[in-house]
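Think of it as A, B, C and D in the order they're written, each chain with its own count starting at 1.
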């Protein structure tokens, strides 16, 4: 039985009168791939932000490899070896692809080692041709790929991705799927996603959020065929 | 570098080019007078008329045939109310222009910024401004009044017209602190009592709470050596609160930069001051001075005490040069130390050899209709404050600004 | 990073040696000295603003703090070596505390501007109201508005009577600037500098990579303050008087203007901007037709409107366009972002 | 009793004058996200406009309440057309450009009016409260501020222009979506903001000695008040002016005016550290 790398206890986040995340208990094993789905406003992103330290939960706790990280800053969580990609592209537009990835590698490695690892990832992601180009000049798909490279280069054991496939072409999505599969060799991966097509192609276990709480958690096929879930997605009364 | 202003105004390009050229040594057939004043920036209300007075004095000297048969040439720099530029231009005047004398400096800080440079380079220096007193340096001559000269005569007069309880409001810097102490001393000497002393940095312009506070201490007289545009607000707010007719005011600074012309007669009338100069002096020398000024600049309203001090300072220096028969620094100092006098617009001014300060007439005045009406003239008041600490005859090497213990 | 580090150092050394030799023939050394000091002050803001994205409205506070620390320590100690060191340390520590307060509070942008501006105002108001005899540190009266004159000026370390002034002092300042410039160059090439630029570009991302953004910004801020403090101490020695004006908003404004005119995101720009504008101001003081404030103001407006990248990037861009090396320069883009970061 | 009344009036006056000083800046910042660092100089020009008009024989209240806002508003309009409109969306650049403009205005005012302190006397006499004299003009300033706040509220709530303004404040592309040219709206906003700065300068002119550099005294306080107020225009303005005005006056009466000013500044630092988005970033969020 693999160890639990991410766990939340009764995680609750309220904004004023609105409960965006409601008593979420969540568990993730090492090298597991998990998708979080749910309609808009279901609380996926809030949950994601609480886990990554971008928000401090109102109640409840977050554990990573058994350590209580509730209320930690994002950089502290990242320092544990957690790779994070936020919903909107979050890169250094004026810096080159190589510099972006190097900066991520430098956090955990010495200068030369970081350079080697950056070159390596750039090769693996087929970014060699544009390695010296500032990110601001790249297409959306390329930027998303670079951001995955930023996550991957740090050798994380837990990867948290918020809508990695948003706005990408089919070809880009395929490439992304490969990269994510590679990641799961060494890391547990959590993906927050809308795109059912993408989820079907990648996921095994899926957690469905609805109105801030976990609606169900099961294998992707069972989830997809569940009438309750379908009702939620079609906007019918659950 | 000789300063032909029109040439310098050819535009920025010319300006920079002129500055980049190596500086040219001056011809020796003129006498060089350096001037260093804020003619722009926040202190230019003081500096501009001083600059005009300086040019008027030099023109007068030159029109009368110059000094020792030579024309006096002016090298003037605008320090833009920036202390760093004082240091820079002082170096320029003493090392590049190698002037024979420097007149200038307005704030005490500006004087202290350049005084040591003047001393090191053995350039005679005249500081022509009313200030807090205490500078003891053989290389410098001070032609403005010092607090004791004013306060000694003003306190008894003002207390006589009001009563023994005095509240002091002073500008919070060297001048204000020292003046406040002199006021306290003379108030007590005259059997009065200082009920409170408040200091205000120069940028305070809201005196509402202060006026309330004064009413709590209920003095007979408010002594207000406040300085500058922001502090002028006090006099305005004082009148606006209707205090003007309840408690009389006296000041040693109000009007030095012609501030009284900004106040309406209703706000200003009755404020008691004591200065070396007032435009309203009806002496023949002042009438003549105002005529010359009018002929040169068209309008005499800008003349103020500091301008007249500058004029008198230059005339004293010229007198010293004539007497010495040379512009050599030591010769001129020796000549000035003989106790030279001139008859200036403000009356007779004599150099006090012991302190290099000036013995001069002090006029007690009251504001009336935006002018200063002379109530009483006390002739030839010695700089007693500086005299208490400084004796350049006994210690010619002294180089200190003393803070006078009272 | 097109040139290698060795090349960069060599070019810097040769060019600065030439300048140190030639400039005194054009401008008097006394004026040059202050231009160099202002150059260093410009560089201090250029570093934290241009490369760290921290727009500090109160860089003058550290300049003034350095100058006052020097003056007060010099009066008490009577020798200049320790005061020089203190003049670097005190502003750096002060900036570290202030920076930690701001950056751990996640203040950015305008809010950062307000806090730095307010702190400068507080210092200015405090120092300005210390004219009374009760404000004494050791033997040194703080002196309020009139400032502190008459302190021990720079001497050969260990020998308080061997003053360094005049032309030798010019060389001291020039060499100090070259050293600081090289240190800044080294810093920017180091991981710390590259990470700082990363933070300027995207704080959130750098945080998500695991970098402690607040700590790094604090350190960079303190380094900038240390350089400004050194400039302040050199200035105190040059002017032989320190006054509260050093803390004034006007002084802070000038530093920002230097950076804009010279060019942000470059090492040379703020130095060139500082020296050039200070010299212009010095020249303008010799005429009295046009109000000088007006000219400085116009320059700032025109630069923001027509040359927002500043002189140095514009000239080097022109140079490259002329001589055919028309490569896309990321520096230019980088610069623009820094201003809005 | 008399004393506490006098102190109360002084406190109200302090709050009122902060509201007055900051209103123009707040409108321009709230609507356009432009920090106008020439705000203090706009006030200074309002003061000079008043003094000049009074010198020409205009009634002082007409000069303060009508002429000065119009003159300064027009100057603002020219500035907006020539400079600001090229810089929309570039917060730091607009700050720098307006900073430059402030220097230009100081220079121009110096060349036109000279650096000598000028001023007009207060048009309202002082009166006695028990044993204390009190500045009658304080009440005028309090009244003007109250009227100003009410007018701003009424316009934002009750008029079409106010509706557009509120929309623009929340989303800058809102106006365009509603079919109004943002260019026009910005122009109008800057005119109003400048006019209010002019009004503030004019109304405060009789209390102070005016020099071309007078504006510098106001800009820092206005800047702090507006930023500390946070995103809501009126609630932010009133709440931060109240907080700072009270802190200032309490320390002024207890110790001295300098300590009062320093206390205000320290309060600003503490406040922004505690509430990085300003007062209304945390409280009164949905107010205007």
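Here, a contact is a pair of C-beta atoms (placed from the backbone, for glycine too) under 8 Å apart; a residue touches a chain by one contact, two chains touch by 3 or more.
Every value quoted in this text rests on a predicted model; they were computed, and no experiment measured them.
Ranking C-D and A-C by contacting C-beta pairs places C-D first.
Rounded to whole angstrom, the centroid-to-centroid distance between subunit A and subunit B, based on C-alpha atoms, equals 74 Å.
The centroid of the Cα atoms in subunit C and the matching centroid in subunit D are 32 Å apart. One simple way to say how far apart two chains are is to compare their mean CA positions; for subunit A and subunit D this gives 48 Å.
Between the Cα centres of subunit A and subunit C there is a gap of 42 Å.
In subunit C, the residues that touch at least two other chains are 125, 129, 291-293. Shared interface positions of subunit A, defined as residues touching 2 or more other chains, are absent.
Looking at subunit B, residues 40-41, 172, 199, 201, 203 sit in touch with two or more other chains. Under the touch rule stated earlier, the contacting chain pairs are A-C, B-C, B-D, C-D. Subunit A meets subunit C in the complex at residues 52, 73-76, 78-79, 84-86, 90-96, 99-100, 102-104, 106-108, 111, 134, 136, 150, 154.
Put simply, subunit C touches subunit D in their complex at residues 55, 101-102, 105-107, 109-111, 113-115, 117-119, 121-122, 125-126, 129, 249, 253, 256-257, 260, 290-305, 308, 339-340. Residues of subunit D touching subunit C in their complex: 35, 83, 86-87, 90-93, 95-97, 99-108, 110-111, 216, 220, 223-224, 227-228, 258, 261-262, 265-266, 268-269, 272-273, 276. If you check the complex, the residues on subunit C that touch subunit A are 191, 194-195, 197-198, 201-202, 204-213, 330, 333-334, 337.
Against subunit C, the residues of subunit B that register as touching in their complex are 1, 3, 5, 8-9, 12, 15-16, 18-20, 22-23, 39-41, 77-80, 82-85, 87-89, 91-92, 95-96, 107-109, 112-113, 116-117, 172-174, 176-177, 199, 201-203, 401, 403.
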